[in-house]
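Take a look at the structures below.
One chain, subunit A, appears in both complexes that follow, with subunit B as partner in the first and subunit C in the second.
Showing the complex of A and B:
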């Protein structure tokens, strides 16, 4: 498979803290990767650099054979890098449909009716049709998560970076979100998923990358990750891991 | 007080309120999108006055076309200021962006004020008004220049509010004002939205200056008092709130108009005119610190 995203010797420090320490990773098109690690291991920093919110101190990022370091987040969104944040990011004073169309129409590449048609189909897929004229501020936490999914799909992403999408979500809704993620991945979208919910990671992902203090300590299948002593130590501490 | 006197004061308040609304709306749009208080807003107002005056006096352009030229010129000036001076605040190139925003707009204010003094001199200029004469509605008499200027202000406010609410560029600007980070992941260019916002804010201030010029003269310091009132209005209405800026301006216009006639000595009443807004502001903030339309965690 062709490498869609290549992260080459990426380093990022905040003051004296090394958030990423020469990280090297390559992701192929169509992969579904779990990115795990204890708090402060550098997962979100990596996503922030790939999506253009941070600039790396050193290293390169290549997306579809093009260097993208220093590219602004909105341009990356337009070339197919979709992203969610730990805290749901939607415009709460716009309606559900307006949220969709702000995404779809801001580059003027399609007409309003084309964008509306696409938005309607996505909302239907995500069971949000009846809420299309509702202000986002009136939506529940779960509905906001789905709206965030919907507005990401409006940008027709080829690479999806999901940061803790299952936080505070009802188990039934979580199942529905799993189905969406699997469906999009089956359609060819590469997905990098950050979650502290190990059950979700191991159920969804075929490859799991573990970060600890800015270093990759494991890159393998879920089974390999579960069995890795370094991963156990990173999560539980050396003493508990050897017990 | 007779019904006629009440009507006169209400209309005077509405006219003055419409000018205040124009200036405050520009300030609110800039604050909403760029998160900065533009201390040079009064000088953009003044430049609008001079652009209108020059278009008529030097180029011989009719007043209505001169208004449009002043608005276009101030949009371009505003966009240039945003691109050159304001943008670094949001690109991470400035160590202390909040302090930089205060210093750069304050410095720009001083620079433009002194530039106008050097180029045009401190003397007042009175450009031709949009409309001469007076309009009589029953016993009510309204001067034509004020009525035309207020009507133009109301039309412009309606256009801006409509554009923000119903056009996609306007929705994108509103989106950025709600959450810059979210706007970027939606694929919206926050830089373009910032440019549009500062350009629009400057154009609104410039229009207010151009409309007021024939009524109260064009002088380099003409923007100082109106912009203080605009600050009062945006805080009164809720920082960054568009409806708040408009309603706040109407309230201030009415308070100034009616408070003036409630004090028996007319000269004293007029001398206190600029203090009434501050009294209203203090009263509102005591009861509702976030302003009339603000929320405690307001982002726009």
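Showing the complex of A and C:
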């Protein structure tokens, strides 16, 4: 299978901190990958670079055979890279529907009626129809997470980067989000899922990448990851033997 | 009744009221005062477009208005432009300079953004003051009238028409997808970018549009009062515009415009108390920010809607 996203020797430092240390990864279209690692291991940094929010100090990123390093976030969104944020960035003073329309109408070829038609269908899918005219500030934490999902789906993404989508979400809603993620993945969307919730990662993903101090210390199946000594040590807070 | 329907009815009623106002025995003096009120209404609305919808603060709005005033006056005096084109020139120049200010301040927020716009506005004001050979400096520049020999009433209706036209144009813009982009930027820039909104571009465009309307207002004003001075670009003048928008309600261009009109009328009515007027307005601005963040008109409309809902 052709590789959709290739990250080549990506390095990013913040002052003295090496957030990413020459990371190399390749993802095929349609994969559902878990990205794990202790706090501060570089997960969000990697995602921020791929989605254009940070520029890497060194390294290449190739998406659908195009180099994309240095491309601005909104352009990446338009070519199919959708992302969520660790802390939701919903537009609180806009209604649920308006939140959806921003995402649809940022594509100038889409009319308002086309966008609201698509938005209506997506809201229905995510059980948010009832809230369509509600201000986002009146939504619960879980509903905000769903709205963030819904807005991203308006982009019709081909690659989805989800940063901690299950944070603070109660178990029942989490089940529902699993179903959505599986459904979208089955529809061909590549998904990279960051989560501290090992249960979720191991249940959803067939491939798990583990970062520690900016290095990939494991890239394998959930079984391999669980059995990996390095991963265990990283999570126990010991310095792994990267050198 | 929906809030939108209510808004259009109130808007239409206001329009009719302003059309009929001169027939209600308005003296020449008050006709003049209300005409200046239209200028402030437009200026306050243009400021609220930027601050209330895009969430970008600027203290250069009075400077942009002055820039428009000088651009139109000099366009007419130096290049022999017809006054209509002079006004277009004013809007274009102010829009262009606004775009540059937007671009310069792209990455700035909060205090840094505010301070930079103050510096920018002051640079404009001081340049106009210093280029004495062109602008007559603080002596003031004589400006040809919009309508030679025009009556107060003619000016009143021209200002009314242009203000209403501009407010309508702003309203249409804000209802379009661009208005949605603006608000998404106000709410969360990173979030907006992640959904495909070209944040950088729209931030600059917002500054340009807001400044262009301010420049047009300043041009109109110049050809009405026929004598302009750099003091119209001062920070004190900026403070007045800010108070107008805040007291009216800067989250809505119409409320801000009404605030402009209201304060201009009150400024004239309270002439006897001289500088104390500004102290009072300063206090009212602080109180409104604290207790009625949607402004007086925003508060009124909320009360009205709530009452209707509880009745119905």
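Just so we're on the same page, the second predicted complex is superposed on the first by the 236 of 243 C-alpha atoms of A that agree within 3 Å, B and C clash if a C-alpha of one lies under 4 Å from a C-alpha of the other, contacts with A are read in each partner's own complex, and residues count from 1 in each chain.
Criterion: a contact is a pair of C-beta atoms (placed from the backbone, for glycine too) under 8 Å apart; a residue touches a chain by one contact, two chains touch by 3 or more.
Everything numeric in this text was worked out from a predicted model, so none of it was measured.
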Subunit B and subunit C placed together on subunit A: clash or fit? clash
Ask   = First (subunit B), second (subunit C), both or neither: which does A:94 touch?
value = both
- Item | First (subunit B), second (subunit C), both or neither touched by A:102 | both
Given the touch rule stated above, what does A:83 touch, subunit B (first), subunit C (second), both, or neither?
-> both
Message = One more residue to check, A:58. First (subunit B), second (subunit C), both or neither?
response = neither
Report for A:155: first if it touches subunit B alone, second if subunit C alone, otherwise both or neither. both
So the subunit A residues that subunit B and subunit C both touch are 51-53, 72-74, 77-78, 82-83, 85, 89-94, 98, 101-103, 105-107, 112, 151-152, 155
Per the touch rule above, subunit B residues touching subunit A in the complex are 92, 168, 171-172, 174-175, 178-179, 181-191, 300
The residues of subunit C that touch subunit A in their complex are 177, 180-181, 183-184, 186-188, 190-200
Subunit A residues touching subunit C in their complex are 51-53, 72-74, 77-78, 82-83, 85, 89-94, 98, 101-103, 105-107, 112, 151-152, 154-155
Counting only contacts in the complex, subunit A reaches subunit B at residues 51-53, 55, 72-74, 77-78, 82-85, 89-94, 98, 101-103, 105-107, 112, 151-152, 155
